[in-house]
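Please go over the structures that come below.
Each of the two complexes below includes chain A, the first together with chain B, the second together with chain C.
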Partner chain A sequence: MAADPAAAPRQPTDSTNHGLRVVVAWLILSAIATPLVAIYVGPLIPPGNASVQAQGQVFTNQVMVSLLTPVLCLMAVFFGYGLLRFRVRRSEAVLDGPPLRNDPRVQILWIVITSAMVLFLAGFGTYELLKDGSGGGQGPNPIALPAGHKSAFQVQVIGQQWQFTYRYPSLGGMESNQLVLPANTLVALHVTSLDVVHSFWAIELGAKADANPGVDNVAYVETKGPTVFHVRCAELCGLWHGYMFNNGRVVDSAQFSSWSAQEQRIFASIKHYVNRDAPFAHIYLPDPARRAG
Partner chain B sequence: MTEAAAVRPSPPLWRRLLGFNVLTGVVLGIGGWYVGWFGAHAVVGPSLDYFGDIDYNELSVYLAYLGGVIGFLVGMGFLNYPLARLRGYPPSLREKEEAGWTRYFSLCTDHKVVGIQYLWGIGLFFFIGGLNAMLIRTELLSPHRQVFPAGTYLTLVGMHGTMMMGMMTSGILGPFANYLVPIMIGARRMAFPRIEALTFWLLMAAGAILTTSIFFGGFPTGWTGYAPLANQANPGLDNYVLFFALVGVSMGLLGLNMIATILTMRAPGLTWTRLPIFVWGVLSTAVLMVLAAPVLIATLGMVALDRTAQTSFFLPAAGGSNYLYQNLFWMFGHPEVYVLALPGFAIVLEILPVFARKPLWGYRLAVAGLLGVSLLSWFVWQHHLFVSGINGDLRPFYMLSTELISIPTGFTFLCGMMTLWRGQIRFTVPMLFCLAWFFNFLVGGLSGVFLSDVSSDVTTHGSFFSMAHFHYTIMGGLVFTFFAAIYYWVPKMTGWQLNERLGRIHFWTMFLFFNSTFAPLFAIGFLGQPRRVVTYPSGLQFLNDWVSISAFCLGISMLVFLFNLVWSLAFVRRPAPANPWASRSIEFQLPSPVPVHNFDRIPVFSGDPYGYGEGPVPSLVPAGSPAGRD
Partner chain C sequence: MRVGVKLLLVCVAVAGAGVIIGFYASNLTTLAGSPAYSVPVQNSNGHKVVNLEIQTVAAIGPKLSRNPDWVSYLIHTSRGWKRETVWNLPANATVHVTIFNFDGASGLRNPYFGRPQGMVGNSILVDGKPTDAVDPDDASHTFAVPALGLILAIPGVADDAKNQCGFAPCPMSNAHRTIKFTFHTTTPGHYRWQCFVPCAAGWIFGFGGPMQTIGYMDGFLNVSA
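Here is the complex of A and B:
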């Protein structure tokens, strides 16, 4: 392009070190904001501390908001300073800015920092995931196994339009429409479906696993003290999807024994209708899923 | 070159209505619809009465709409040229490239006409989709089902999502790339002008098909259409299948056309490093379109076979796999969301230099960012399936690849920010929308970190959190830049200025109420409200009502825009100067509106269009330069 400095609109001269100002303001703001966010905002993020996995998620969220706060601060400082300092009023003449086209140092610094953050996040996320599965559904062959998973308390969660049924293989295949779990226990949730895709979401426990027909989707969750939690279907499953919710309870072991004894008495009278030999899902399909004509 | 074409005496109106135009297209389309409908009934079933009783014959829905689309295209005149060639007539290039409003309602091969057709056509469906959102928020004013029956509510949700995701895939490439890419690369047309027109009219046919799904009971699946729910759904789901398949055809052809045009038709001197960044954005998006659309079309073909021919690709109960559907859908679906987002990046980077009065900073890095996002978007799709139980051991890989995509996205941020740095920033309406993009996409990107990490995704997946996230990225990323492009280029496209004061009112109300609508949804999602529910815990009513009222105000801000558009273009009609923004881009060196054949002589490029502060704009056709090819 033919450079013709005489014809170019005059560029304003400016020797202020704007970059230094922004960096200093950013460092100060980040140093103040990051601990505040980490300490006060992070722990407020759900799902809370009703289970070990939920606590793990809260910790993950805490780390992430702490890491993202400096990013937010940089943007706030940059745009706050830049837009105020370099603005031009509409009435003023149109001048061109300095023709800065590149600065390899800035590019390399930016690439290094964003790459480091991304790799840290991925590494940290993988570590947190593999530690105990984070309460997420992992399919029939889970790889993120919490300690003591072999002796976990087994519960099968069976989704259908539009409710969840809970089946306790270790209690004689007893079934209930209430999810009651013993306190301070590692629970293996085996989630499956009879018809369409559902998603079992125990909100306060921080557990979510899709219910797929013919698939045993395992999620681990380790309960803590007695509490009440909400269960909702989190995958669109048809007409009454919005009504597919329920409450669940975590109770201490004495209460759990009395509850299960009572449920087993009720269940005994109908057990012969529910012929179930294998403990888990695959043969649970009653009929081919027919279209609701 | 003015529009004073050869003037012949105009025939009377009734005579002009007869011919290959949209009216004939609709009439033949309706005829073709009934041919398909009764044909399928006659072929498949015992009798019409039988299907009348069971109210259920999917094949007839498919054949009816296929017949309708074919009739519509015949009526538009898409078969004339192939038939003429078969009969031995010589090839010709152009159709309806003359002045007059009728060309907007017929097959026109002028890329500028197609761009304006796209703008109004997509705008129409954008407003229908937005109206659906208003109705959804009306229902969610109350924690219990109040206004709509549950099935109607799900249809509204599905229509909103499908309309927005389907029609807005071409939201920027349709109007702005069709209009601007040939001009920006110094060409007089697209590589395949008839295919260009076809993509638009196919999209309009698709929009009509989706809208009429309400006459077949709607569909309960949302825009994702997961099997096996899709297999038990009303015939309205067939409309969804046909709609998305036609969108796929239109999208793939549009992408191919763009790639061919950009690769082969650049004017002399327009090397790859001089290409406007918008053209790079179009190219990277077009690659995604061409590669993603076939996956979508094939998947929906299998759904159609499952529903009509009793195959069971996606039916677990009969040996199929619903995971297969989810895999295929998201293998299309994740590139698809970058088809929506990437043109937004390009528009921001195209407009920032004009109003910061500085060259685009880090041109090569910006290109690398666009191409990097385009490439990486193919390796992330199973992050939509983190808790589905599919490939549990691949989750760390998808977590890494999803987070990696923020590196090339960061390039766009860096280039945009450094372009602003030490600039002479003027806050015009298009600039305001571009600056809002930084805020919106930052919030969208940072919330995306929570969804990309499996551990925090367990809670946020499928909740209103993810809904808020993708509205920040797609509405905040695409729709805001869509409006930036409208305020920036519509004066050039129509030759009339838009009202700036109304534009500012539109921007500030939209920005304010957009955030007021979607920011609380992050909290609502964390607190346990899944997507697409018609009920929610009464404790969340305050937040939901806040969101609903903000959403209505957001809707009103869109009416401000609509008023501005109609008022400025239909009533005030203040002529736009050739270069209202003092831009160095080539389209602003041409008169407003751009004449029919763009350039008197094909221009010769001697630099990129971002040389602010580097001297006067070079002449389009330097003296003594060889004439470019047509």
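Here is the complex of A and C:
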């Protein structure tokens, strides 16, 4: 038996232009929130300001958050308006809403806007990465080379269960358990591992590179003024992974000279053995003569 | 049942589970696998002094572990030698350490760790002789507290030494090396210590079993005020 259309509850007529209301509210909220987020929240986003690359990452995050804010505002206004305006009170009967109809203009607008945003972010991200590598590990043959990379200060980062040590080829292959870098200097970090996969993450420097055994993973960072930064392993690497961290320092040239002289004095007694068993190389995998395993 | 009551029950259950997991993780990171041993503290002119006697053995033996063939550290307590690697120490104290090593050499993976550092004078006594570098090939184990910058390599017993120890506890009549050094504890905290030598015989690259289990080749210094 066919249903009688006349018996169904009639849809209440509503002449309010809800779409226009949502768009106006969204534009007003976005116009207020976006500059506030860009100016006040963006600069607070990690990693910090200890290197040119870290500064670039903060700028990238600032741009992305600024783009994200209007999208977030649209979602908030849409849901907020819907929840408040179309809420059914307990005393009211539950009625079905008007049918949703396809509108090609809305669909095209949505596709165009989201595609433009995604393509812009892809292009912007690629540009930022290719500019100087953004502090990321680029493997043994980097393609995003910062200006002056040939004269960059070389430091080898050696991961082992569970500590990073640092080797300075320009200081006679000196190795130290402290990462100390000269200020305002382009540094080439050659990251490798002696055992399992680690990940070197100098947070405020904006440097992050996987430490793979037998691989020279190169990352560039240009230090700024003297500061202290945190170093962590960012790859689950065994029992004491959570304890694989320490602090690094960026110091002025006088302090760096003083520190390196002191470290070289300490290193002198082991230099012969280090150079004998593990002569400096970008791929550094010493194999103990009488390994237990 | 009302939705509000259901939500409340879910929140209480999640909070309860969080507390239990928190206690478990806290216990795991400070004590797991090894009960804490409070090292006796002496007073010398108002300064706290601790004498820490430890030994390293190639095999812990059936009396002290369910894994009798695992390499391990032991500590000398008032109850004898025990496999306890979490040690309670006072802050800002002088710690005199004596290590008796009954194990042979495995070799350092990173020869840099052959340089004693972080102890008084950046030097250790090996069988009574001052040493500021240990041949990486002769290293048997290391004792390292990375957060304190303390690291030293422990030379092994010669391969052809007579009267070698089979398994722990090893009497002093067995062939051994004696290493002595002094370091200072600093501020209170949990400082992890470990061996850097891949010394777990029978495991891939020497890095499994006792190297990945608290209570054998690693532990904590629980430094408190």
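As a convention for this text, the second predicted complex is superposed on the first by the 268 of 293 C-alpha atoms of A that agree within 3 Å, B and C clash if a C-alpha of one lies under 4 Å from a C-alpha of the other, contacts with A are read in each partner's own complex, and residues count from 1 in each chain.
Keep in mind that, in the parts below, a residue touches a chain if its C-beta (ideal position, glycine included) is under 8 Å from a C-beta of that chain, and two chains touch if they have at least 3 such contacts.
Remember, predicted model here, so these are calculated numbers, not experimental data.
Asks: Is A:A254 in contact with chain B, with chain C, with both, or with neither (first, second, both, neither)?
Replies: After superposing on A, A:A254 lies clear of both chain B and chain C.
Asks: With the two structures laid over each other on chain A, which partner does A:G238 touch: chain B (first), chain C (second), both, or neither?
Replies: both
Asks: In this superposition, which partner touches a larger number of chain A residues, chain B or chain C?
Replies: Greater contact footprint in residues on chain A: B.
Asks: First (chain B), second (chain C), both or neither: which does A:G56 touch?
Replies: Only chain B is touched by A:G56; chain C is not.
Asks: Using the superposition on chain A described above, determine whether A:D195 touches chain B (first), chain C (second), both, or neither.
Replies: Both partners.
Asks: Touch check for A:A147: first (chain B), second (chain C), both, or neither?
Replies: neither
Asks: May I ask you to decide whether A:L20 touches chain B, chain C, both, or neither, giving the answer as first, second, both or neither?
Replies: Neither chain B nor chain C is touched by A:L20.
Asks: Show me the chain A residues, by the header's touch rule, that chain B contacts in one structure and chain C contacts in the other.
Replies: 195-196, 238-240, 242-243, 288-293
Asks: Please output the residues of chain A touching chain B within their complex, sorted ascending.
Replies: It comes out as residues 1-5, 7-9, 11-12, 14, 18, 45-47, 53, 56-57, 60-61, 64, 68, 71-72, 75, 78-79, 82-83, 86-88, 90, 94-103, 106-107, 110-111, 114-115, 118, 121-122, 125-126, 128-130, 134-144, 191, 195-197, 199, 201, 203-204, 206-210, 212-215, 217-219, 230, 232-243, 245, 285, 287-293.
Asks: Flag every residue of chain A that touches chain C in the complex, lowest number first.
Replies: Residue positions touching the partner: 158, 160-163, 165, 175, 177, 194-196, 238-240, 242-243, 246, 266-267, 269-270, 272-274, 276-278, 286, 288-293.
Asks: Within the complex, which stretch of chain B touches chain A?
Replies: Touch residues, chain B against chain A: 54, 56, 145, 150-151, 153-154, 220-222, 224, 226, 228-229, 231-232, 315-318, 322-323, 326, 356-363, 365, 385-393, 395-396, 399-400, 403-404, 406-407, 410-411, 414, 417-418, 420-427, 435, 438-439, 442, 446, 449-450, 452-459, 461-463, 526-528, 530-535, 537, 582, 606-607, 611-616, 618.
Asks: Mind listing the chain C positions that touch chain A in their complex?
Replies: Touch residues, chain C against chain A: 29, 71, 104-112, 114-115, 117, 122, 132-133, 135-137, 144, 146-147, 149, 151, 192, 194, 196-208, 211-214, 218.
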